[in-house]
Structures are given as C-alpha cells and as structure tokens.
Amino acid sequence: MESILSEIVAKYNYWIYVILMMIGFYAMIGKRNLVKKLLGMNIFQTAIILFYVSMGVKRGGGIPIVDKHEALLHGVNPAHIDNPVPHVLMLTAIVVSVSVTGVALAIMQRIYREYGTLEEDEILEKIER
Amino acid sequence: MISQNLHMFVLAAPLLSGILVNLLGRLSRRWISVLTLGSLGFSTVGAFFVLLRVLAKGSFHYTVGNWTPPYGIELLVDPLSALMLLLVSGVAFLASLSALKSVDQELPGKQHVFFTMYLILVAGLLGLVLTADAFNLYVLLEITSINTYGLIAMGKGRAPLASFNYIIMGSIGACFYLLGVGYLYILTGTLNMADIASRLPAQGGTAAVATAFAFILVGLCVKMAFFPLHGWLPNAYSLAPSGAGVMIAPLMTKVTVYLMARVFFVMYAPWQSTGHQGVHPLVVWAASAAIIAASALALSQKNLRRMLTYIIVAEVGYMVGGIWLANAQAITGALLHIVNDSLMTLCLFLAASAIVYRRGSLDFNHLGGLYRSMPLTMAAFTVGAFSMIGVPPTAGFFSKWYLILGGIEGGHWEFVVALLVSSLVNAVLFFRIIEFGYFPTGEQAHGHGHGELAVQEAPLQMVQPLILVAVALIAVGLGSGWIVNDIIRLVVPGNF
Amino acid sequence: MTMASSYSIAPLVVVLLAMLGTIPIMLSDKRPNLRESWTLLVAVGQFLLVAAMLPKVLAGGEYVFTIAQVLPGVPLQLRVDAMGMFFALVASFLWIFTSIYSIGYMRTLEEHGQTRYFAAFALAISSTIGVAFSANLLTLYLFYEMLSLSTYPLVTHEQNAEARASGRKYLTYILGTSIGLVLPAMLITYSLAGTLDFKTGGILAGVGSPEVLSLLLVLFIFGFAKAGIMPFHGWLPAAMVAPTPVSSFLHGVAVVKVGVFSILRIIFDIYGPNLLFDLNLNVVVTTLASITILVASLVALTQDNLKRRLAYSTIGQLSYMVLGAGMVSAAGMMGGMLHIVMHAFGKITLFFCAGAIYVASGKKYISQMDGLGRRMPVTYFAFFLGSLSIIGMPPLGGFISKWNLAMGALEAGQITLLVVLLVSSLLNAAYFFPIVYRGFFAQPAEGSSLDEVREAPLLVVIPLAVTACCSVLLFFFPNVFIDLAKLALGL
C-alpha cells in the first residue's frame, strides 16, 4: 500500500494528467450537451499538453536558454536544462487545439441557428419530427 | 534541383493555391476552377514524375529546410509513398472536376470557401503520405481533419451535427495518437520514425512500448473508422456536400490505413519481432468481425450514399486485416487494396454525385429507370460496383485475391470467410441498386411505355471523370501484376 | 505427340470481335436493319475466324495469347486447344442461326429494348468463346463471371415483376456459387499448386491431402452452377422467363455448357482423370450426376410449361456430360464430350420450336397444344427430330454420344451407370413423345380454333429446320468432333 502511495506521490504530475484526461474523456462521451462535450475535449487536450510539458521538465533543471560563449567554453550539462523539444511540440499542439475548438464553435453556431438548442437529445428529437 | 524537390512542389501547389482561391475566388468564380484544376493537375503530373524517378533511382529521404534528422522533419519518398502521392493527387484532381459542378449547385456563393478547404485538405493528405516524422504526422492529421470537419459541416440539414460528432471522435483519435507518440518519445527520445524504430528493440517487450503502440493504433483506428469505432463516419460522409464526399470518402480512410501500414512496418514490426506476437490474431479476428458487421449494417440502408459509407467501413476491415495478417500475400493485398479501394470508392461516389445532381436524392425509391435516363453514369457505376463485388478483370478482384490468399496461407479462415461473405453481401447490395436502376418504377412503367423516360445525363464535367475512373479500374486490374511487382513488392519488408 | 504452339493474336481477336461488336450495335439503335446486319456480320465473322483455326488445332497445334500478367504465375491468357476449339466451334456456329432466329422472333413479337438485347447477346457470346479459349482457371473464371453478368439483362428482358424475381434467383444461384464456392476453391488450388494452368493430366497430383482435394472437387462441381448439378439447378427453370432465343441458345447451349465445360476442364486439366481415379473421386462425380439425371427427368415429366419441361430436360442432359467425364474410361469421357455437341444441336432445335409455337400461336403450355402439329408441320417435325436426338435414337447425333456413354459405363465396369442411362432414356422418351403425339393426333380442346395458326415467319422456321438437319448430319459425319475430342482427351 505504502509503495503504491509513494509511487503516486513521486509521479504526481502523471497522475494528474491521467485524472484530467479521464474527466475530459467522460465529458466528451457521456455529456449530452454539445458545449460540455467541447469543454471536455479541451480538458482532454490540455491534459495531454500537461503530459508533454511535464515529461520535458527535470528536477533542478532551468530554462533551456544558454549563453553561447559559456556553452562553447564549458559545454552544456543536459541535467541542468529542461528538454525544450516537448515544449516546442506543444506550441503546435496548442495551435491545433485552438483551431479545432474554433471550428467546433463555428459549427455549434450553425447547429444553434438551425435547431435553437445545443442539447443533443432535443436536437435529435427535432430531427425526428 | 527541380527534379529533386519535385515532391515539395507537388505538396505546395494545392496549399498555396488554396490560399489564392480564397482571395481571388471572391472576385471571380472563374479563378476557382482555374486554380483548383491547375494546381491539382500540376500535382498529379508532378507526382507521376516523382514516381518514375523513384522507380528509376530508388527511394530517398528528404530533409525539410536542411535540418538533419533526427532533429529536423524528414520526408520519405519511396515507391509506395510516391504511388500514394500519385493516387491522392489524381483522385483529388478527378474529384474536383465533379465537385466544381456540384458545389455550384449545392453551395452557390460559397465556392471559394469550399475550395480553400478542399485544396488545403489535399495538401495535408499529400504531406501525410510523405512524412517520416511521428509528430509531424499528428499535425498533418489534424490539418486534414479540421478541413474535413469544415467541409462536412457545409452540407445540408443534419450535416453540422454529424460534423460535430466527427470532431469529438476525431479529436479523441488524434489525442490517443499524440499520447502514444509521447510515450515513444519518453522511451526513445526521438520523433523520427526510423530513429524510433532503431532504438525500440533495445527496450524489449516492455509494457510501456506496448501501451504506446496501443494508443497509436487505437487512435488511427478511430480516424480510419475501424469497426466498432466507425460511428461517426456514415453520418459525416453521407451528409457532406456531394463535392466533398467525392474526395473525402475515397481518400481519408485510405490514407489513414496507409499510415497504419507505415507505423506497422517502420516502427511496430521491428519491435514486435522481439515478442508480442499474440496481438496479431486478435486484430485479424477483429477485422473479420468488422467486415461482417459493417456489411450487415450496409444491408439495412435505404439510401445509396449511406450504403456506400458502410461499405467503406467494411473495406477498412479488409485492409487492416491484411496488414495484421503480416504475410507477404496479405500485405501486398492490403496495400494494393488501398489503391483499388480509393478508385472504386471514387467511382461510386462520383456516380452518386452525378445522380444526385439530376435526381436530387439518392434514396432507393428515387433510383428507378436510371439506366435509361443516365446510361453513361450507370455504366461507370456498374463497373465500380463489379469492382466492389470483386469481378475480374476489375481492380477489386485482384486485391481481394491477395488478401484471401494471405488469409489461407496464414491459416486465418475466419478472415477468408469474412471476405467471401462481404463479397456476396456486396453483390446483393449492388444488384439491388442495379435492379432499381434497370427496372422502371411504377409510374414510369405505366402502360409498358418504355422509352418515354428521356435521357438526362449529368453534365459532361461530371461524367468525364467518372468514365475515366471506370476505365482506370479495369486498367489497374489488368496492370495489377505490374503494380505489385514493380512497386508494392519493393516496399513489403523482406522478413514477411 | 508434339504440340506446335504458336503465339498469335487470333484468339483475342475472336473474343474481342463480339465484345467490340456491341459498340456499333448500340450506336445503330435507331436503325434496326443496320443493327441486325452488325449482329449477323459479327456472328459470321466469328465463326469463320474460329473455323480458320481449326486445321492447325486438328493437326495437334495450339494458338496462345497472353493478355496481361496479372498475378504471379497466373497470366490472363487465351489458348486454343482441341477442347476449347471443340466448344467454340459449336457455340459460334449455332450463334449464327440464333441471330437469324432472334431477329425473326423479336420483330414478330415487337419486343422492346431490342438494341440492349442484341448488345447483351453479343457480350454473352464473346464471354462464351472466352471460356472456351481460356488457358487457365483464372481466365476462365473471368469470362464465366462476364457471362453471368451479361446474361442478366437478357433474363430480365421483359422488365416486369416476374422477370425481376427470376433475375434475382438467377444471380443468387450463379453469382452466389461462383463467389462463394469457385473463388475459394480456385484460391486453395492456387495456394496448393502455385499455378492455375490447364494442363493435360492435371496440376493437383501430389499436392494436398485426399480430404482437401475431395472437398475442392465438390466446391468446383457445385460452384459451376451453370452446369445445373442438383441442388444448384433452380436458376435454369427460372431463367425461362427470358425471350425464347435466349433460352434456346444461352440456356440450351452457351451458358449451361459453359458450366459443363468448366467442370470438364477441372476434371481433365486440373485434377486429371488418373488423380480422380486414384482418390476414388470419380464416384463422387458419377453419383452427383446420376442423381441429377434421374430426378431432373422425373421432374420434367410433371411440367406443363413447354419451356420449363425443356429446362428440366436440359438439367438432366447436362449431367450426362459430367457423368461421362466422371466414368474416367476412354469411351465414357468421349461420350461426355460428344454429348456437348449432340445435345446442343438437339436442344436448340427444341427450344427454337417452342419459340416458333409461341410466335405462331401464343401458346406456352403443352396441354393447350393439342392438334397444333397439323397446323405447323415443319416445326413439329423438327421438334420430333430434336427429341429423337436427345433420347439417343439413330439416325440422329444423340445416338453416338449415348452409345459412347453406355460403352464407357461397361468399360468402367459400372452396371449401375448403365441402368441410369437406360432408365433416363426411357424417361426422356416419356416426356417428349406425348408432346409430338398430341401435336399431330389429338383434337384441339372445345372452343379453341387453330384455323388462324400458321407456321411462324421464315426467319424463325429456317434456323430450326437447319439445326434439326444438322442433328441428322451429325450422325453421319461426327468426325471433326470425334477427332477434336480424341485430341483433347489424349486418346
């Protein structure tokens, strides 16, 4: 029991991302309101962004900006800087996530104009009729 | 210089003209068709030369912006990706001929928006085909998806809702893929697919690698609508504007299957040879179940385009099963089927688009007497249907041949049975349509008055690509020996 | 024997001739006379081309043409050998008369959609010749499927509810079996033997276990449902809704014999008689065929619709051919092959007569045909000759094939088969003679007057008279076919 607990505490960042992801996933699948679905999707994507960001971070690491002369003279100790690659990747992922959200919002507007509601059940009811 | 960078031009042409279409298309409608056809025509011709070059000089890697791999983004131009390049640009070109007409009818005033998305989507697909970088693949996947969402949402009625559901499912798929890539990055510290592959075997058969692949493959399965993750597809594809359907339906799922094949060959196969064979039979069983279930669902449809969407889902099962059978015959079949299925789907969707242009609906009860009123369209449709059923010498027969042979050699009889059952179901499905088209409906048959139903063919611009694809289906069928020997065999790894 | 095999485009030309012939036929939609000239031109041209290849084939030579190398080890290939020539000769010769007959029949009845009819017909004959000239199983399968699909518009020609139902049944049987049974059987054969070439002596010897080979054979025999082996015969009576020229040529000669021909190819060139005999599979073949022969003949007795009776008769006769091949004795195989020709001429005559009766009097049911023979003596006499040939009486061609079959049964030492042959011949007589008898001697039913009935138009009567005469001539001059059969069987 203790070992599991310490495991969780030691890797709390990953556990947080898993929990966030599950919340988002639940909202996407389980909620019937389109806005909530979209929010769930954003939570889901944010969870993954956190996952990537935290994977690049090191205990005691700094921002990955090094002085050129310093680096050329003494070299760079990788343990002292965070891995910048995952962070850079997430810039792109954020852009993607924002674009998808934008498109989804635009589409939701069309749905709202057509059916006057964003509750999936009510929309389906109106379609049936 | 030009010949070395040709594939980049192929990729850039639709991307740049997509932006131009948005600007110039507002001024004059003429620009839209000029730019669309011009850029896609250029890409098709260019892709053809890329393929010739690869076949003559062998495959090569290309580093974008001269950032050397594994740091920079790498593109891989091998016979298969060159073939896919040609396929994507060719299909998009032919589809755009028909789309230009049907968009005029269905979305007057919005043509420039439509074709902006259309062209960027094509550019995204072309990029997907070439990329050798796992993260770049994610970005391109989302570029194509976002444009697809937009295109589908332009349809009538329920289309926006279908598109929204697609967004949710598509995002889940993409996120899963991204997660898997994240795991691989943690394990190997690189994003270049070949680089990942070279470092993975050292990891051994750990659960972490398995989880990474599980996420990646499930993500791709959602994107390619592998049954039972297909829920979003039928609505999205059948409600999209005709002009979008003719391009999205043949290409999106097939390119995703191609990606799965890439992931499978480049990263998964070298790693799994260290263990973990147990997954393969499971996937083949799942694919067999998918084929049968999707075929059964197709039987209960009452609308031509919806029926076709379920057939697409079944065909995805063909290809996934073929890849995971993991023997030379089945993989050959799966890769050949990517080409063939794109063409068959294109043919059928083009025909559907032409019919809807004239009849306004694709419900079965609107299809009466079609052979008389639209003989050319229906002739091409018939060829496409025969190819789906798998009648030689159409292309569909030959890929099915390799797939079934792979199933027999791998001892997976469930897959063999599934393929045969689905062929039979396809025969039922398409002969039902053919029957509707061949026999006049009630009022037309009145008084046995044949011939009164005037010939009312779709516009030439929609019929031409259709006839061309129908001829291509037979040509590809007869030429499948060449395609297999000179292209596909080259890329099937030797250890299969 | 040395086989002079020459690479020549001739087989392809023969196959393409009728296929491309559909184009001018369709283009001259509005000008019936021109359209029919095309049909006749193609028919005659095709026969002449086939006949031109005959001398070399008779001398033991072959023509080969490869269309495309589609699968590893399996090209799309045409080859004119003795067996293919045998079948192509019959089919292309009879097509000429069927064309003339079709023109007369369709015009007299003022049928709709004649252009579609003639185009589909040309496509069907092209596929038939393709089957005859196929050098391997894949090519055969291709043309076999093409034939199934091109005959669909012919079967459903009337485009009414009955045609729709029959069309469904037709496709269900034919496509269902070819995709469901032949395709897997072909793939298994390929994965066992690595080739699908037709080779004298077969390709399956020494590969695969006896169980697998037995299963394969059953798949093939039932899969080629065009041969009408029971229980996969139901499509044939259903297909009788088609116009009579279609029934006579396609469902009396081309389509059904394509089925039998395919089975013979399987037995002779995929399995080889020796393998069949070694594995005791000949018993399977002869048993299936015998059951079909007897049951079909019995059912034929009960049919009142003339065309349906002929259809059941066809089902029974087809199994004679399969039976002969299954005897694995020289005379038996010879008899089986000869029966393809003899039955073709006999049955096409009978169907032509049925059509002539329908054209002249509008009657379809035997019970209504009392006394009709006196009004249509030529037609009825031809019918009489045709039925004699099918029953197997001298001096008609059918006697030769039945004689060989009977000798074959003796040679193989299988008295049961001899009994089957005799009983079924009696049954044949029992379902044919009453028709002729009632035609000539019975009094028409009360209230129906036959005074208006005359012989059908010349375009209808001449073909049936010619084919009836051919049936007689074949008794005296069967040599071409016997020689070809000997070459094909390597005797």
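Order of writing sets the chain letters: A, B and C. Residues in each chain are counted from 1.
The rule is simple: a contact is a pair of C-beta atoms (placed from the backbone, for glycine too) under 8 Å apart; a residue touches a chain by one contact, two chains touch by 3 or more.
Because the structure is a prediction, the values reported are computed rather than measured.
Q: Which chain is the middle one, judged by CA centres?
A: B
Q: Using C-alpha centroids, which chain lies at the maximum separation from chain A?
A: C
Q: Approximately how many whole Å separate the CA-defined centres of chain B and chain C?
A: It comes to 43 Å between the two C-alpha centres.
Q: Starting from the mean Cα coordinates of chain A and chain B, work out the distance between those two points in Å.
A: A distance of 29 Å separates the two centres.
Q: Just how far, in Å, is the C-alpha centre of chain C from the one of chain A?
A: Using C-alpha averages as centres, the distance is 70 Å.
Q: Under the definition above, what is the set of chain A residues touching chain B in their complex?
A: 25, 28, 34, 37, 41, 44-45, 48, 51-52, 55, 85-86, 89, 92-93, 96, 99-100, 103-104, 106-108, 110-111, 114, 123, 127
Q: Given the complex with chain B, which residues does chain C contribute to the contact?
A: Answer in residue numbers: 67-72, 75-76, 112-113, 138, 141-142, 145-146, 149, 153, 156, 159, 164, 167-168, 171, 175-176, 179-180, 183-184, 187-188, 190-191.
Q: Going by the contact rule at the top, pick out the chain B residues touching chain A in the complex.
A: My answer: residues 135, 138-139, 142, 145-146, 149-150, 153, 158, 160-161, 163-164, 167-168, 171-172, 174-175, 178-179, 182, 185-186, 191.
Q: With touch defined as at the start, can you tell me which chain B residues reach chain C in the complex?
A: Where chain B meets chain C, its residues are 386, 389-393, 398, 401, 404-405, 408-409, 416, 420, 423-424, 427, 431, 435, 438-440, 445, 448, 450-451, 477-482, 484-485.
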